[in-house]
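The following blocks contain the structures, represented as structure tokens.
You will see two complexes here that share chain A, one where it goes with chain B and one where it goes with chain C.
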Partner chain A sequence: MSERQLLVGPFNRVEGDLEIRLEVADGRVSAAYANSPLFRGFEMMLTGRDPRDALTITPRICGICSISQSAAAALALADASGAEMPEQGALAASLLHGVENLADHVTHFALFFMPDMARPAYAGRPWHARAVAEFTAQQGSVARALVEARARLFHIVGLLGGKWPHTLAIQPAGVTRTPDARDKVRIQTTLRAFRRVLEQQMFGAPLEEFVALETVAALDGWDRGAAGLFLEIAADLGLAAMGRGTGRYLSAGAYPMPEGRATRAGVWDAGEVRPFDPSEVVEDLSHAWMLGGAAHPSQGVTEPDEDMRDGAYSWCKAPRLDGRTVEVGALARQVVDGHPLALALATEAGVRARIAGRLLEIARTQIWLEDWAARLDPSARFMGTWEVPKDGAGVGLVEAARGTLGHWLSIGKGTIAGYQIVAPTTWNFSPRDADGVPGPVEAALVGAPVGAEETTPLSVQHIVRSFDPCMVCTVH
Partner chain B sequence: MNVLWLQSAGCGGCTMSLLCAEDPNLFDTLGDAGVSFLWHPALSVETGAEVAAILKAVETGELPLDVLCVEGSIVTGPKGTGKYHMLSGTGRAMLDWVRALAPMARHVVAVGSCAAYGGITAAGGNPAGAIGLQYDGHHTGGALPDDFRSRSGLPVINVAGCPTHPAWVTETLLLLAADLMGEGDLDRYRRPRFYADHLVHHGCTKNEYYEYKASARELSELGCMMEHLGCVGTQAVGDCNIRPWNGEGSCTRGGYPCIACTSPEFEEPGHSYTETPTIAGIPVGLPSDMPKAWFMALASLSKAATPKRIDVNAHSDRIRVAPAPKREK
Partner chain C sequence: MSQIETFYEVMRSQGITRRSFMKYCSLTAAALGLGPAFVPKIAHAMETKPRTPVIWVHGLECTCCSESFIRSAHPLAKDVVLSMISLDYDDTLMAAAGHQAEAALEDTIQKYKGNYILAVEGNPPLNEDGMFCIVGGKPFVEQLRHAAKDAKAIISWGACASYGCVQAAKPNPTQATPVHKVITDKPIIKVPGCPPIAEVMTGVITYMLTFDRLPELDRQGRPKMFYSQRIHDKCYRRPHFDAGQFVEAWDDENAKKGYCLYKMGCKGPTTYNACSTVRWNEGVSFPIQSGHGCIGCSEDGFWDQGAFYDRVTDLTQFGVEANADQIGMAAAGVVGGGIALHAAVSALKSAQKKTQDKPASEEV
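Up next is the complex of A and B:
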């Protein structure tokens, strides 16, 4: 039996800093440890400030999930103050958020995940020449077309929200800019242009055809666009069986609107869906460089262990739901929402399922955005009134591109008394808990093949990137 | 000209913003001018051991480096060790890496207000001990000493902003590649003057409201946001309203105040970002280069002279009264 240890980093094409320590036995990963090697302390910065400042500060936790952070802060403040968005304000906020999520998925596919397929290590594979032409880092024709289209898609945020990232447009009681009819047709024009690029480059077909897929066999038969290239690669490299998760999925439900959230909230476990009860969330600190005990986020504190004690190995806390790990993200969201294709992939739960879940959500989000833009009513109110309470508490739960994001806020004497954030990648890239149970990515890496000469195993890269981690959110 | 880009303790938003470069896209804008990334954490294929080898080769001088771009603040905690940010896989703090690599670069560019001055990462008591590359807030001397000069003889170039406009970054790199940026092209906080010689106020679509001090009282109202809503666009540097963001946007066009994100210590304004503090009813923080008495006299005159159209629209979420051409009066 051969054994060795690998330290993988700097791990790039993930958002932020990530280090993975691997134990390898007989050519396979036997144990993995995910370290988020950066601490900034946003929750500490917020304490004592005017509660409204959370709307300016929390988006700056993350430059790729900025609107998600902003939307969660606005919801937490709304929950604490009783503020409500007018219907059209909620619609505009969802448009802003949906554009970010859609852009993030496209960025992940084109810039973070696919460039690995153009690596020389895969030369000789039947699909390699096409992967090189289309997805070589900074050069690939499809990657470039998608990056250019993404920049134009963000014109919607420029118009409705001033700029991206770090807009302050989303407030607890609505949005700061009231679109007029001309803005509405501009937004629709931008969306139609983005659909054209998606259909030409990403899917090679009308989006509705991809959304209509219901079975793994139908997915296997999809051979058009970049999605077809990915599925061909997935079949050849065995990405379906690679990096399998636990198959427990959480979603808080995406895009709160007056008529309810656009996707269902819940916890999917072995075919059963149960309601998501946020009171079941506990953050375990046993393997994090954090002081204090396990606590619900409403009671939690953030106090870094300056001595970086032995036994701990990450600045990331370990959230557990009812004591167990859950996976969050596009696949989780689509599974909980009950999309047939996602349900068909729910137990496959590997690299292919995660990427396919994201592709599915790209197509569905584009269609939602078109629907919401059509529903914009320039004659309506987009902002109501609200006041900061002297005392209170609130929670804001949203779905970022990478999964469930929660802000737990308490206000005392008119300032922030406590602020705890549980980000999507905090769930997915959590370290072990007090029972020694590894976090989702740590578990998914076990069994990954490692070549004798490999120092940065390709299988490990595919698995890690299939989660689309955002480490800067994780460690806030 | 090759560029090594490191992401230190920040949010990655300046890279995300950079990807919004247009006319042409980021890769053509830089590539066509001969600017290439030696390594970039979001854009390059190399990962793990491949990156460690690149960093080592730069550190030893084996691989000549033209530009070191650093995005994000440099954290010094805990206890001055910098261990709050270890560059993954290397066993070394980013603080250590930056100090080792900066002297090897022909130019050093701080991308964003975090890398320039500490930025938002230094907010609220600065729990991680965040500082900028060559500044700690307003004060010179950061991760690199005040007298640091890169191989070109220039100090760290501070492309400040939170985030940076994509063109501030691309044009800084293009000017460096064309050998068109010297010390005189930087302002007092070493920001490129091509954008820092403008104020956010310039080209602000709320200028007519400002002229009459017709002020918004709530976010979403069209009026000027200086008097009540914390806007400091008359003092903040940036061409945000001359050359908009993401197509047609800017903070003020989005209906929320400028918070001077290009300035050192913007993260601690001393009051809520969206509320203007007043002393005896007079907003503090008037335009920096205008005598206060003069400003007050003008403001009270212009308030008194505010046309109904401007007064009504200032307190509305949309234009309710249109300008009336003279002949219709």
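Up next is the complex of A and C:
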């Protein structure tokens, strides 16, 4: 029996820094410890400020999911103040947020996940030449086409939000910009162009055909576009069985609209869906360099342990739902929403399922965006009134590209008295809790094959990237 | 030092055609505000001069600068610049991973000693010996010092590297510190903004790579070609300011009419940046155009100047063009001494130009 330890990291081509310590026995990972080595202390900075400042400060947690942060802050403030968005305001906010989520998924596929398939280590595989031609970092033809299309897609955020990253337009009672008829046409034209690129490069077919897939067998039969290339690679490398998660999924429901959220909220566990009760969230600090005890985010504090005590190994807190780990992200969202293909992949729960869940959501999000753009009514109200309460509390739950994002806010004497953020990657990349239960990624890594010569095992790269980590959000 | 290939050779090896190369030279000239006569000069320089290697490192940050950069309006300029950078080191965008990537950084430093530009995104936190930002097992501040030692010049991308940005907001838990307070013996070009505009980033780096010298800087170390005017000076809503027509509430009629956002806390009158001219996301728009005031994200200390939605200062009596500069001056006093200095720039331009040019040409 051979045993060794590996330190994998820094991971490039992820947002922020990540380091993972692996214990390897007999060519497989036997234990994994995820360390988020970057701490900034946003929650501490927010305390004492004008509550509205959260709208400007929190997006700057992250340059890639900044609209998600801004949407969560706006919802938390709305919850605390009783503000409501007019229907059209909610529509515009969802358009802004949806564009960012869609772009993030495309970026993940083209720039973060697929370039690993172009590595020399895979030379000789039947698909390798195509992976090199299409996805070599910065040069692959498909990667370039998608990145360029993504930049053009962001024109929509430009039109509705002024700039991206760090858009300011979403407010608790609506959005600051009322699009005119010309804007609406431009948004629709931009979306049409993006659909063309998706259908040509990503799916090789109308999006609706991919959305109509219902079984794993049907997915296996998909051989068109970059999605087809991915599925061929997945079959060859056994990505379906690699990096299996717990099979417990959480979603707060994406895109709050007047008629309800566009996707269902809930917790999926072994085939059963139950309602998501935010009061069941507890952040455990036993293995984080944080002081204080386990607490619900509304009671939580952020006080870094500057001694970086032994036993702890990350700046990341360990959120648990009713005492258990849950996985969040595109797959989780689609499973909870009940899409047949996602449900078929829910127990497979590995690298392939996560990537396929993201592909499915790319197609569905594009279709939603087209629908919302068509419903824009330039003559309607996009903004209502609201006032910052002197005292109060609120929670803002949204679905970022990478999963459930929650902001818990309390206001006292007109300023922020407490602010706690639980980001998607906080859920997925959490360290162990007081019971020693590893976080979702730590658990998913156990069993990953490690070659005798490997120092940055490819299987570990694939598993970690299948979660699409956003490390700057994780600890914030 | 080993022989370094020319820019042109690099581009050719990246499969860029002669025609595209000439187009790039034209774009560069245009982006930098130079006339067509400069195109052959730029082409000649790029054909004969060894390229300038670039190392791009990331500290405490949110990666918004990289995100902005890869969204530049001139895909060709971006591709050329990126292809040159990727030959060297950038831990977010490069293909290599883990220890390989760390080795690539060291190789690049050794190979191009004294000759490379260090581009810094984010900043080092100094509390607890830098333990709040660990890259490759070591505090980022060590990587920064190490990489800066043999750099020819440093670009501080964005508000984090230039000034500290929101992560340095009170109480600044990690003591996030701008680059120039850690590295004091190198020429530093600040390209502030959260993030900076993509075209400003490519413009600055293209200028440096093409002409092998620093662009002309203002007193705060910002390139004058992009940071010499206030947002307010070229804002399309300026006529409403001059006419005293203001948005009073987010949902009022004036908001729909596109009146001035000054009363909603717009910091345009005290913010030096190119947003109102170059605009964002390939020239589509900028925050004021989206109905939200400017937050002044390219100014030092913008994160700790009172609430973002508070008015710059009570200046409603100045409603006409003649006094607009006084607004800038008075408000600058509120924002910080450095900007007050800057507001006087136009009067002192020629004298200042000398002092700026001198150190720049000496050090590079």
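Keep in mind that, in the parts below, the second predicted complex is superposed on the first by the 476 of 476 C-alpha atoms of A that agree within 3 Å, B and C clash if a C-alpha of one lies under 4 Å from a C-alpha of the other, contacts with A are read in each partner's own complex, and residues count from 1 in each chain.
FYI, contacts are C-beta pairs under 8 Å (C-beta built on N, C-alpha and C of every residue); 3 or more make two chains touch, one makes a residue touch a chain.
Please read all numbers here as calculations on a predicted model, not as lab measurements.
Steric overlap between chain B and chain C is present once the structures are superposed on chain A. In the overlay built on the shared chain, the residue A:L18 is in contact with chain B alone; chain C does not reach it. Of the two partner chains, both chain B and chain C are touched by A:F39. After overlaying the two complexes on the shared chain, residue contacts for A:F112 are found with chain B alone; chain C is out of touch. Using the contact criterion defined above for the overlaid structures, shared-chain residue A:P340 touches neither chain B nor chain C, since it reaches no partner. In the superposition on chain A, A:G392 contacts neither chain B nor chain C.
Within the superposed three-chain model, A:G161 lies in touch with chain B and with chain C [touch as defined at top]. When both complexes are overlaid on chain A, the residue A:G447 reaches neither chain B nor chain C.
The residues of chain A shared by its contacts with chain B and with chain C are 7-13, 15-17, 19, 37-41, 44-45, 48-50, 52-53, 55-57, 60-64, 66, 115, 118, 136-138, 147-148, 151-152, 154-155, 157-169, 171, 174-178, 304, 306, 308, 315, 381, 383, 385, 455-456, 461, 472. Chain contact summary for the complex, chain C toward chain A: residues 58, 60-68, 70-71, 75, 82-83, 86, 91-102, 125, 127-128, 131-137, 165-167, 169-174, 176, 194-195, 249-251, 255-256, 275, 279-282, 284-292, 295, 297, 303, 306-310. Chain B meets chain A in the complex at residues 7, 9-17, 19-22, 25-27, 31, 37, 39-52, 75, 77-79, 83-90, 120-121, 123-125, 127-128, 130, 162-163, 218-220, 244-257, 259, 261, 267, 271-275, 317-318.
In the complex of the two chains, the chain A residues touching chain C come out as 7-13, 15-17, 19, 37-42, 44-45, 48-50, 52-53, 55-57, 60-64, 66, 115, 118, 136-138, 147-148, 151-152, 154-155, 157-169, 171, 173-178, 304, 306, 308, 315, 381, 383-385, 455-456, 461, 472. Every residue of chain A that touches chain B in the complex is listed here, in rising order: 7-13, 15-19, 35, 37-41, 44-50, 52-53, 55-57, 60-64, 66, 107, 111-112, 115-116, 118-119, 136-139, 144, 147-148, 150-152, 154-155, 157-169, 171, 174-178, 180, 304, 306-308, 315, 378, 381-383, 385, 455-456, 461, 472.
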